[in-house]
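Each structure below appears as structure tokens.
There are two complexes below, and they share chain A, which is joined by chain B in the first and by chain C in the second.
Presenting the complex of A and B:
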């Protein structure tokens, strides 16, 4: 008996050491400190970007920030709950189409109306699709959910292409700019900071969410769904909730994107954009919110940079890199600087090293 | 009457095309548990090889014969190098094969540009039955599909190769204990599935012209067909492909094509939701 009791704290201690080692540079300090540093660096870089970039690059950077917001929505769903949503563009695009129709047919461009409207559209579609795919008497298989979302996105693409009211192949062009009173948000630094502000707020909300007990239950779900179910969580409900939240965030991103680009077209709901967002998150590192943001920035940035000279071979390079990441860095680029423990997160106060020593001594004493 | 016959023929020939495409996908999904996102690109490669033979001035049928072998060989190599690492995790396999597909698709796009290239039918003209004319090539596709289907069935159910393949896929450790080289069997199965995709691509390229997104168009339909039919057997995906192919060709005759297109997917997903095991449940051939 005594041997068993001693083995347990030893095992816990050993695990902690491994986690420390895997985080590389953080051997001396607590491994928890890297994530805030990465987040801070990204935030400062994002705040300074419009001051350093030329005007046309600021427009590009705005698009990247919106796509990062979109990537965040996919990361919530896949990185935290392990739901492979191959149809995230469905929520992104349908919200884009929704606000485009509001602007075109009802002349509603007020920012306080269109952004919530887009969010609600994304949320509703995600609730419907997620509820249908995820809930039910029998838990759905992962394969079914991923193919179901993919099919949903593909079907929406076909519908948008064929429906005259939605503009068919051409989509809806020249959407009026978003407005606040008499001020109109056009491309440029103001729009950039608006989008960045929204991204930061949503990021913080998501961060709070995934570091809450709910988020930890989700992480458990991703690692071992059955065990979480045995603990008494309603795994399917958790999945449906996070799927809906992801849809709402994607809807917000989609409505911003529609107003920023000034038009929506069928690809926006289709498989192309759906897989694009998967690329962002896999590159950056799923299961860390900042990884999704970094992934979107890197993929879009490099593709923008290469598109002048290497437009044709860039997708091939992208495919090769993706394959390498999947094979050798399944946790994405962020895993070069971030340890496994920090990725999952923890709940409550962390045991201090010296406290653990005391515990060991106490148990060894009798 | 003549109209109905033509409609029936159209439906049948599209059904045959979908079955042909799903055969390889279904074998890989059922026997290996991998949903191969690169399958559409194997179809594309088959089509591209046929086009190459045509562009070089060779008879088209040489390209059609070569396509399954070339694509099958490529499948064997890819399995040994990459796919093998994915067996433990089906979702990772999806993403990995998606990346592979992306590489192949974009390479082909780079080679052919953004064009739609046409390849003539090796058997042109039409078959006349009374006042009705049906395309000879489409008829040939139906015949070849039936032959390939029968061939696959016999291969899996009647030969010792098929027996070893099924043994490997059902219980790998027992198969190894019985002296079967399981890595080789996995490789052979994947190569076989890829070869079927290559053949499908070669046969359909005269009907749909060659363009880089040719495979993508059929991939999702193929996946839906496999799920509807039921993963785990040979006959399940084939049945599913028959149903999906027939529905997607038949519905546009009675309603607007846009609605029909979407309705097929909605019906299929709803069906899978309430009958996850598919039309034909169970393992085996």
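Presenting the complex of A and C:
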């Protein structure tokens, strides 16, 4: 009866990159690597965009790239560690407010000060909230964490609205541009390439992290947290660490956003932006870094185009599109091109000598 | 004694699953836990493993009271568990499944910079060979047969070199041949590890266990060597009653 059961998973894993030859010995063929191609195409498109787009669209594209960076932060937390953070904007927005205050009150706009400051603000808030929500002696439930983060984000929104020092409902307008010596980053291609450069660096760091053995532990955590704990992993610590890293990335994105838009307002820490980032990642494909980027680009791109062409009903159309994707492609748009094996990915290089070890006992060939 | 559970009581609402059950296991002992359905075997196993907290009673392991330990702390103390429902990580390769289990206590630094992967390679392959899975090392675990998944899971449970392994129905859903192989695979671990095993297949239990504990309605009905239990009238009675 084992044979019946195994047929189903085998069919699901059918895109595996290991072929069985007639003798039943596993042979390794080189995996069909689609992911690097997708990543390359996205990068080339991003590099060329300002050359092809009109100026006002380059400004829009810069905003999208920043939001893609923000989406990466949520993807690390949800897609890779399975922590449902409904309050990711808390870290994004508080860093935005933080750097806005630095610029307004202390005249600090130097890029080498404000970006690290924003990152640290995001990191600190995530460490505090994550420590509180995740570091119990026993694992916290998904509901507890999602409501906890949601509440954090909502409370921050209310606080920002009510606090005169933070500008209340209006937020902090006309923030001075980010600077490097006497050069000022204003909207346009230079800002675009700066942001793109940062996105690429952060993307590569995340890629390194999720493909490491730490990433393997996260993959285990996401699939079966209890199992990992029974191996002796400190599952809560792993979660708190990745949550904090996510907060730092969100903080970096938030500080770039504040300077790019030139103002911050309470929505930026609130529930609306928190949900928006969830949608980017679900739409693009959680658990793949490029899915988060693509999701942000497409959701923002489509809403931009729809709002231009269908002025009144565009949110309804967008909502329907999102629903369709979530219903029929729960793994996101990226699952149209990426197979399951490649989506899960590999963790570190395969050891060289494994080929000769493959020729061992072959048992239970079905 | 390696493991001593005494006076274990577990109440779920109105249902008393365990009513003062006890279990002692010595070093390098294979101990079978048997009894009719609903006698509380799995619950006792969970209380020992830390998946459930007993309502009253005490579990000590290597002379330490571990009743309130979390699963992580138990694992680090040298206890390991194979779940009743196979819980290998289906989308990961066999190699990664084993490595995941092996590196559970590595430092964060080693994990992030993947130092464990090179260091533990030989151990991973050795475990896979020991459990006759080496030729499938880079297949996804989901592609294995049910029996092979059970073996993979036993291999994972043994990866951390535990002093005690808890096996909940290791041969569930296996063919006769697979059961025989499972017995063969388990024998060699006796040199360094004790075993508590819950199992319906009495022949299997008789073949590999040194001692047996029989539970009935949450209480210990009898405990002793396999021969003693086989001769026990009360035990014969409950199994006859069932038949």
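We adopt the following convention: the second predicted complex is superposed on the first by the 315 of 366 C-alpha atoms of A that agree within 3 Å, B and C clash if a C-alpha of one lies under 4 Å from a C-alpha of the other, contacts with A are read in each partner's own complex, and residues count from 1 in each chain.
Note that in this section contacts are C-beta pairs under 8 Å (C-beta built on N, C-alpha and C of every residue); 3 or more make two chains touch, one makes a residue touch a chain.
Bear in mind that the values here come from a model prediction, so they are computed numbers and not experimental data.
In the superposed pair of complexes, A:138 makes contact with chain B and with chain C alike.
Of the two partner chains, neither chain B nor chain C is touched by A:307. Of the two partner chains placed around the shared chain by superposition, neither chain B nor chain C is touched by A:186.
In the superposition on chain A, A:170 makes contact with neither chain B nor chain C.
Contacts of A:214 after superposition: chain C is touched, whereas chain B is not reached.
For chain A, the partner that touches more of its residues is C, with chain B and chain C as the two candidates. Looking at the shared chain after the overlay, A:241 reaches chain C, while chain B stays out of its contact range. Once the two complexes are overlaid on chain A, the chain A residues touched by chain B in the first and by chain C in the second are 138. Taken together, the chain A residues at the contact with chain C in this complex read 1-3, 5-6, 9-10, 12-13, 16, 18, 25-26, 28, 137-138, 209, 212-214, 216-217, 219-220, 223-224, 226-235, 241, 340-341, 344, 346-351, 354, 357-364, 366. The touching residues of chain A, counted against chain B in their complex, run 84, 132-133, 136, 138, 140-144, 146-148, 150-152, 154-155, 158-159, 161-163, 271, 275, 278, 282, 312-313, 315-316, 318-320, 322-323, 326-327, 330.
Listed in rising order, the residues of chain C touching chain A in the complex are 49, 51, 70-72, 74-76, 80-81, 83, 87, 89-93, 96, 99-101, 103-106, 108, 110-118, 121, 125, 129, 132, 134-140, 142-148, 156, 159-160, 173-175, 178, 181.
Across the complex, chain A is touched by residues 35, 82, 85, 90-92, 94-96, 98-100, 102-103, 106-107, 109-110, 216, 220, 223-224, 227, 231, 256-258, 261-262, 265-266, 268-269, 272-273, 276 of chain B.
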